[in-house]
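Same chain, two partners: subunit A is paired with subunit B first, then with subunit C.
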Partner chain A sequence: MKIETKDAGRYLVVKVLEQRLGADRAASFKDEMSKLVEQGHTAFVLDLSEVKFIDSTGLGAILSILKRVGKSGDILVTGTSDTVGSMFKLTRMDRVFQMYPTVDEALSARV
Partner chain B sequence: MLPPKMTVVVESRLECVPLAGTMVRAFCHAFGASDVESEQVEVCIMEAVNNCVVHAYQSEPGHAVEVIAALQDGEFRFEVCDQGKPGNPEMLRRSRRHLLDLDPTSIDMMPERGRGLAIIESIMDGMEYVTSEGKNRFLMIKRITCQSPES
Partner chain C sequence: MKAMILAAGKGTRVRPITWTLPKPMIPLIRKPVMELLIEHLHRHGITDIAINTSHLAPLIENYFRDGERFGVRIAYSFEGALVDGEVQGLAVGSAGGMRKIQDFSGFFDETFVVLCGDALVDVDLGRVLQFHREKKALATIVLRDVPREQVTKYGVVEVRPDGRVLRFQEKPSVQEAVSTVINTGIYMFEPRIFDFIPSGQEFDIGGQLFPALVAANEALYGVVEPFNWLDIGSIPDFWEGTRLLLEKQLPGFELPGREVRPGIHTGINLRVPWDLVNIQGSVYIGSGTEIGAGATLIGPSVVGSGCVLQEGATVRECILGDYTRVSSAAVLERKIISGGKCIDPSGQYLDINESQIGWIVDDARKRMQLTAAEAELWEQVMDHVMA
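Up next, the complex of A and B:
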């Protein structure tokens, strides 16, 4: 799972560099994010602008990280395509995660 | 004229699942499904094939998952078949859409897995699970809104 991280104050921006976040990549995604949590990061902006496909396992992996960071943590989701956004809506995950069109808009909303 | 039909067989490995989804999406799009409908079908096919790999074959590689896509009478019909451990046909008797009802204030209680069938139920117009003589078949039907085969 290829990701790219960028420090943005309280938040760590994590950009997923894969086009698909399905069952075959979910475990690897969880591993990468878990490493970041173990390093002490608990607030993330998850940039999914490169992701063209996500399934229930991929969504479950993102949810598992939200559970891991706990109530004091935060995960903002940005850059979802129509397809990926519709999966968040279908599974009601758009009620669980704050979603923004871009990383900048997410960070501005949290200033 | 024979109705359009496609069969793809993938190995029971999660990294092989996207091939099945991609091919069925292309099949649907070629025979008149919209981009949205085709992508929704791709999700359903991948969820169903994931279930075969993980549950029917217990994540053991080397087994075949067969996906058949056909267009007949204005309906796309899909079969996802395996010869692994049968699932419980009762799993389709009750709606699973309630699994998609989330309480955003109870994140700790939210399941991380198990939404695949609920997603399929939300997208498809019909589902059936049949197991017979060692072969398990998960059938899905999607009625399309327009139909104009690509030339």
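Up next, the complex of A and C:
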């Protein structure tokens, strides 16, 4: 799973560079994120602006990272397209994660 | 007077609904569009109807059969061939479809009407016939006046004050449009029209036949009639059309079932604990549907028959096909559920299997079996939301 990270103070911005976050890529995504958690990061802005498809396994992978970072951690989700955003809304994941249109908006909201 | 209904199209602009349902069979609340059309023809004394079919033909033919139940007599003209059990379409076009029937039996031996099978119309055909006769027309097009901003969706027609058609513009811009009257796809013809339609080749009414008539200076007329028209040629149109009907904004259209509470129409054999659910009109709830305590259903919505809304499910402004199950974890807002797809009013859609959202919405007849990933999501959602 190709990702790109950028430090933003408390938050680490993680941009997913692949178009599909589905069952076939979910494990690889979890691995990459786990590595970052092990490095000590617990607050993420997850930029999904490149992602065109996500299924329940993909959502589950993001959820598992949220569980890992625990109460002191945070995952903000940004840049969801119409269909990806739909998946979050349908499954009530938009209430589990804070969602913002862009990375900048997410970061300013959390200052 | 005889009629022909064009029902052979693939309905590409109404995909994904038309992957599993031919456009004329798309239900407006409960009735297929074409049934409403046939009822209308029957009311105007038309009894003999030819219908061309191709895409998903059995779904049309098995529903209407010989038409007896609807007070009419129907003959189908199947266009295509069955190859290895699959229907391969035969592209003959709308005028080509007419010609095929005429070549077969000379069916059209008097003034006849041709309509597209995908719009709800209640035009007064008697008045159209009167106009047609007065003008001694070879062909009369039923026109409709639309707001100028809408001309970009349609075939615009320029007519002389006496009704003679001068020319056509296909989907012009607002500035380019020469008029605001559009072709409604309802035509009246004399049998002599077949002199202008060649056999054995693809030929279209709007694109080829009419320009030929204009070029030959034949009596092609257009009449503007005021009537109710619901076009379901695209997903957004179907969405808007259904909402219009639910809000009772189409005069003469009766909502099916009984109004059991203000704004709530239902079929029979429902299992709904009315005091424990939050249902706000306008909604139609189909027969045999079950709604669990704590569920929310906000209109305008159509819930098909045999549906299940589990406890705590939220459905807001949706059109649910028959046998849809909405689970407790779901929040369904402005969606059409049809043929295993979860469709947005814009036409974008998710495939329920591919997106693994069977745990949110699925066929009610399937046993609910969650994969490990789905079960985990479910638990998380329920914990989090109910907390």
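Definition applied: the second predicted complex is superposed on the first by the 111 of 111 C-alpha atoms of A that agree within 3 Å, B and C clash if a C-alpha of one lies under 4 Å from a C-alpha of the other, contacts with A are read in each partner's own complex, and residues count from 1 in each chain.
Here, contacts are C-beta pairs under 8 Å (C-beta built on N, C-alpha and C of every residue); 3 or more make two chains touch, one makes a residue touch a chain.
Everything numeric here is computed off the predicted structure, so don't read it as measured data.
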Specify the outcome, clash or fit, for subunit B and subunit C once both structures are aligned onto subunit A.
clash
Have a look at where A:Leu63 lands relative to subunit B and subunit C in the superposition and call it first, second, both or neither.
both
Let me test your reading of the model: by the given contact rule, A:Thr83 touches which partner, first (subunit B), second (subunit C), both or neither?
both
By the touch definition at the top of the document, which applies to A:Asp55: first (subunit B), second (subunit C), both, or neither?
both
Touch check for A:Arg20: first (subunit B), second (subunit C), both, or neither?
first
Subunit B versus subunit C as contact partner of A:Arg95, first or second or both or neither:
both
Segment of subunit B intruding into subunit C (one of 5-13, 41-49 or 59-67):
41-49
Can you list the residues of subunit A that meet both subunit B and subunit C?
23, 53, 55-57, 59-60, 63-64, 67, 82-83, 86-87, 90-93, 95-96
Quick one: which bits of subunit B touch subunit A in the complex? Just the residue numbers, please.
13-15, 17-18, 21, 36, 39-40, 42-43, 46-47, 50, 53-54, 100-102, 104, 107-108, 110-113, 115-116, 118-119, 122-123
Taking the complex as given, what residues does subunit A use to touch subunit B?
20, 22-24, 53, 55-57, 59-61, 63-64, 66-67, 82-83, 86-87, 90-93, 95-96
So in the complex, which bits of subunit C are touching subunit A?
329-333, 335, 342, 344, 346, 348, 350, 354-357, 359-361, 371, 373-374, 376-377, 380-381, 384-385
Given the complex, residues on subunit A that touch subunit C span 23, 26, 53-57, 59-60, 63-64, 67, 82-83, 86-87, 89-93, 95-96
